[in-house]
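The structures considered in this document are given below.
Presented sequentially are two complexes of chain A, the first with chain B as partner and the second with chain C.
Right, the complex of A and B next:
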């Protein structure tokens, strides 16, 4: 199917009448996903959002439940969010990250009702990247500028119009209702050409990396990797696959809520025990955790690498600690 | 020899003569307009050191409580922080060799990125006064002076105030200019509140500002304390985000060296230096004190003078 670019605002208006539509918008000098009221607000020419798409399903700070204590006891209200949502124009790296996060929030040991309720009520419209940035390395990470994994519907920008593909059953059902025109052979060919030819940096070889890391826990490599790291959470908070969280109660008098906040393995407080002991007491142990979690632990547990190559950690690191370089250095080790 | 070559020579000699075990400086970064902190421990590694207009981090951050004999390639603001940290007992002066580099100012990659409309910059050539930016389908020349960090534009201590060796010639100090702060002070309380709220709304509480600050080194920051929880841990309360910054600024009163490292580190582009510089200006006006400009000056908050202004007290 196909839709002209000048028809996008009215399509979004139509969708927004029935669904909560989250789209990239420019706000305070940043592009971020926000619920839009009018299709005109959407900005689809962005390279990528500052914050990763994970925040739509797994917000940075999420009130799990509220509670009130009074003479009759404790009253609790669960904050599960079942709003039907369409995420319009998510980049393939972020869409793929959701597939990876599904493993964490739904597995044989645990099902997270907050995440899964959102997930089941959310439809992802992916948007291919005609011009991947210099920091993008999705093509190295089992993803790519036109990877459709995680998208229910997929858009390819062919200039004046988007070629629209239904990917999942959910996506195809929605498309059937929208009544878009069929794409002509020329448009389909243009989209196929882009999908085939546009690549991001695909030179980062992670073949065998997980096994190698498995034997590297005590390797002297970790002694220096972290040296310049400041220990902030720019890389982890802006990472679409980092998913560690901390839970805190925020209460005032008899009213309170339990909040789930993103946590970061770069913080000294991360995994600090009540006893005062910390199994990851320094930058070395924390950086080892970060790399191991992405490229070894996650692979062993879920058979996938917890990195989609979006490059946000590279762009936003205050000291230019480049994960691509770290991976190349590990590869070069004997 | 250019500055980079002189830095390499000096660092190699210090390491070869075993005068120091480590030289902290900068190496070429992995992206255009980026350099990266670098730790050279051998004369061979010293070959990777560089100097450019992108050496934006404050390296004093890496010098606290170092056990080994260390040399640092330090620009003016790094040295101000070093002076502050020596006075606070965080750096042992006898173990540190300061290789000072007079600084013409560092360029702000975020401003440059905005200038080219967010397009990907793939190659940058520094011609001295200008940068030639090249991307896939564009080439643009910008004057470095136009895209300098705010803190560099008004820096009065671009030539280090303390050094064991100075690489290159001292550069003339710039005029102190608090025009940005005066403009902010002139706003109404409502306008100031609205501005701060707009900035703090962007905060993701990654604490890059705190971590990048050479003077922020509490072993437990008040925001991290769980019991009592002085402040909410979530990022969605704009008031809490502002409270975090406000307390940070107060804790840096008389200690902030106005290097701008906090603002440079912020991934969200929050104008953090506004609050810090307001405090820097107040401390200077009220007590005539500037942090990190002399080893002898007593710290502003550790001093009482009979003529100290007290009209802000109740």
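Right, the complex of A and C next:
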């Protein structure tokens, strides 16, 4: 199917009448996902959002439940959000990250109702990347500028129009309702050409990396890697696959709420025991944790690498630490 | 979908000062709803998140045994925001409890076996649960000889003093208590846990050990000397935790989460994990 770019605002208006539509919008000089009221607000020419798309399902800060305690006892109100949502124009790296996060928020014993309820009520419209940024390396990470994993519907920008593909059943059902025109042979060929030819940095070879890291916990490699790191955790906050969180209570008088906030393994407090003991007491241990988690522990648990190559950790690092270099250095070790 | 983050309401029925330094209290909670009591099926070695409304929640090993119906007990040291708030709670206050969480001591697998249980300091809570469970008339016949070695810095810091006295009077449990330095009136042993363990030289099928890292470090070689193989030394770890259900990412040791894959591991399992706990 196909849709002309000038028809996008009216399509979004139509969708917004029925769903909450989250789309990239320009705000304070940055691009971020926000609920839009009018299709005109959407900005589909962005490279990537500052904050990762995970925040739509797993917000930076969210109130899990509220409670009131008084003479009559305890009353709780759960804040599960079942709003039907369409995310329009998510980049393939962020769409793939949601597939990875699904592993975390549902395990053999427990289901995270807050994440999963949003997940089950959200449809992802992915948008391929015609011009990957210099920091993008999705082509190295079982993803790519036109990876459709995690998208329900996928858009390919062929200039004047988007070629539209239904990927999941959910996506195909929505497309059937929208009644878009069929794409002609020329448009389809243009999309296929882009999908085949456009690549991000694909030079980082992670084959066998997990096994290699498995035997590297005590390796001297970790002694110096972290040296210029400031421990600001921008890399982890802005990582679409990082899922660590903190739980805290906020209360005033008899009303309180349980809040979940993004947290990061790069902070010393993250693992500090009440006794003062800290199993990861320094930058070395924390950097090792970050890399090990992504490229070994996550692989062992879920058989997937917890990196999609979005490059946010590179772009936002105040001291220019580049995870691609770290991976190349590990590969170069004997 | 059941929401694993929502606490069950419980009433604090007893806030008991356990140790002479007053830093450890034992809290007894009663379920407010009968259905919750029925659903809260736990095993010795598991833990729960205890919540003080308005302050937050923190994970504590369950000190009561499943054979003690309708209540949960926790012995808590005063260290942080939640534990301090707990210490100051008046009896009758409603708290929240989320659990049971984590795996447990493998008591099914240990049936028919003799056991040595070693505890140090206030890490004796889930061990109390285990001992209480085994000593229950309904279960005692399922297990062989039971040796318990328990130490604290001084007599005042031993937990569950009344129960220790009662156990000492029984013939179906060999209880050895020890303190670090001689104190007038003390009739038990004097010496650190590793030394006392060496003197006692327990011969059992399995050992369960829980205590501060330094005690574990020096006691493990003694157990190996006594002939316990790594798959027969059972330990319980603790790490900073939030969710307790394997999602928030902080309590991992290698690819294992202490909250969900543990807290109980055999030495054999731990030997295969990074030494980062």
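Basically, the second predicted complex is superposed on the first by the 334 of 334 C-alpha atoms of A that agree within 3 Å, B and C clash if a C-alpha of one lies under 4 Å from a C-alpha of the other, contacts with A are read in each partner's own complex, and residues count from 1 in each chain.
What we mean here is this: contacts are C-beta pairs under 8 Å (C-beta built on N, C-alpha and C of every residue); 3 or more make two chains touch, one makes a residue touch a chain.
In this text, all values refer to a predicted model and were calculated from it rather than measured experimentally.
Engineer: Based on the superposition on chain A, does the combination of chain B and chain C result in a clash or a fit?
Structural biologist: Fit: chain B and chain C sit side by side once superposed on chain A.
Engineer: Just chain B (first), just chain C (second), both, or neither: which does A:246 touch?
Structural biologist: both
Engineer: Taking the superposition on A as described, I'd like to know which of chain B and chain C A:293 touches: first, second, both or neither.
Structural biologist: Only chain C; A:293 stays clear of chain B.
Engineer: After superposition on the shared chain, which partner residues are touched by A:66: those of chain B (first), chain C (second), both, or neither?
Structural biologist: neither
Engineer: In the three-chain superposition, say which chain, chain B or chain C, touches more residues of chain A.
Structural biologist: It is C that touches the greater number of chain A residues.
Engineer: After superposition on the shared chain, which partner residues are touched by A:320: those of chain B (first), chain C (second), both, or neither?
Structural biologist: A:320 sits against chain B, while chain C stays out of touch.
Engineer: May I ask for the angle at the C-alpha centre of chain A between those of chain B and chain C, rounded to a multiple of 10 degrees?
Structural biologist: After superposition on chain A, the angle is 90 degrees.
Engineer: After superposition on the shared chain, which partner residues are touched by A:270: those of chain B (first), chain C (second), both, or neither?
Structural biologist: So A:270 only meets chain C here.
Engineer: Kindly classify A:168 by the partners it touches after superposition: chain B alone (first), chain C alone (second), both, or neither?
Structural biologist: Neither: A:168 stays clear of chain B and chain C.
Engineer: After lining up the shared chain so the two structures overlap, which partner does A:50 touch, if you call chain B first and chain C second: first, second, both or neither?
Structural biologist: In the superposed model, A:50 contacts chain B only, not chain C.
Engineer: Examine A:121 and indicate which partner it touches, taking first as chain B and second as chain C; both and neither are also allowed.
Structural biologist: It touches nothing on chain B or chain C.
Engineer: Of all C-alpha distances between chain B and chain C after superposition, which is the least, in Å?
Structural biologist: Least C-alpha distance after superposition: 5 Å.
Engineer: So chain A touches chain B in one structure and chain C in the other; where do those two contact lists coincide?
Structural biologist: 246, 248
Engineer: What does chain B use to touch chain A in their complex?
Structural biologist: Those in contact with chain A are residues 29-31, 34-39, 57, 61-62, 114, 118, 120, 122, 136, 198, 201-202, 204-208, 210-212, 224, 226, 229, 232-236, 264-265, 267-269.
Engineer: Mind pulling up the chain C residues that touch chain A in the complex?
Structural biologist: Per the stated touch rule, the residues are 1-6, 9, 51, 53-57, 77, 79-80, 83, 94, 96, 213, 238-240, 242-243, 245-255, 260, 274, 276-277.
Engineer: Over in the complex, which chain A residues touch chain C? Could you list them?
Structural biologist: Against chain C, chain A makes touches at 64-65, 67, 69, 73-74, 76, 78, 80, 104-105, 107, 109-114, 116-117, 217, 243-249, 251, 254, 256, 258, 263, 265, 270-275, 277, 279-280, 285, 289, 292-293, 296-298, 300-301.
Engineer: Help me check something: in the complex, which residues belonging to chain A touch chain B?
Structural biologist: On the chain A side, the touching residues are 28-30, 47, 50-51, 60-61, 131, 133-135, 224, 227-228, 230-234, 237-238, 246, 248, 250, 259, 261, 264, 267-269, 314-316, 318-322, 324-325.
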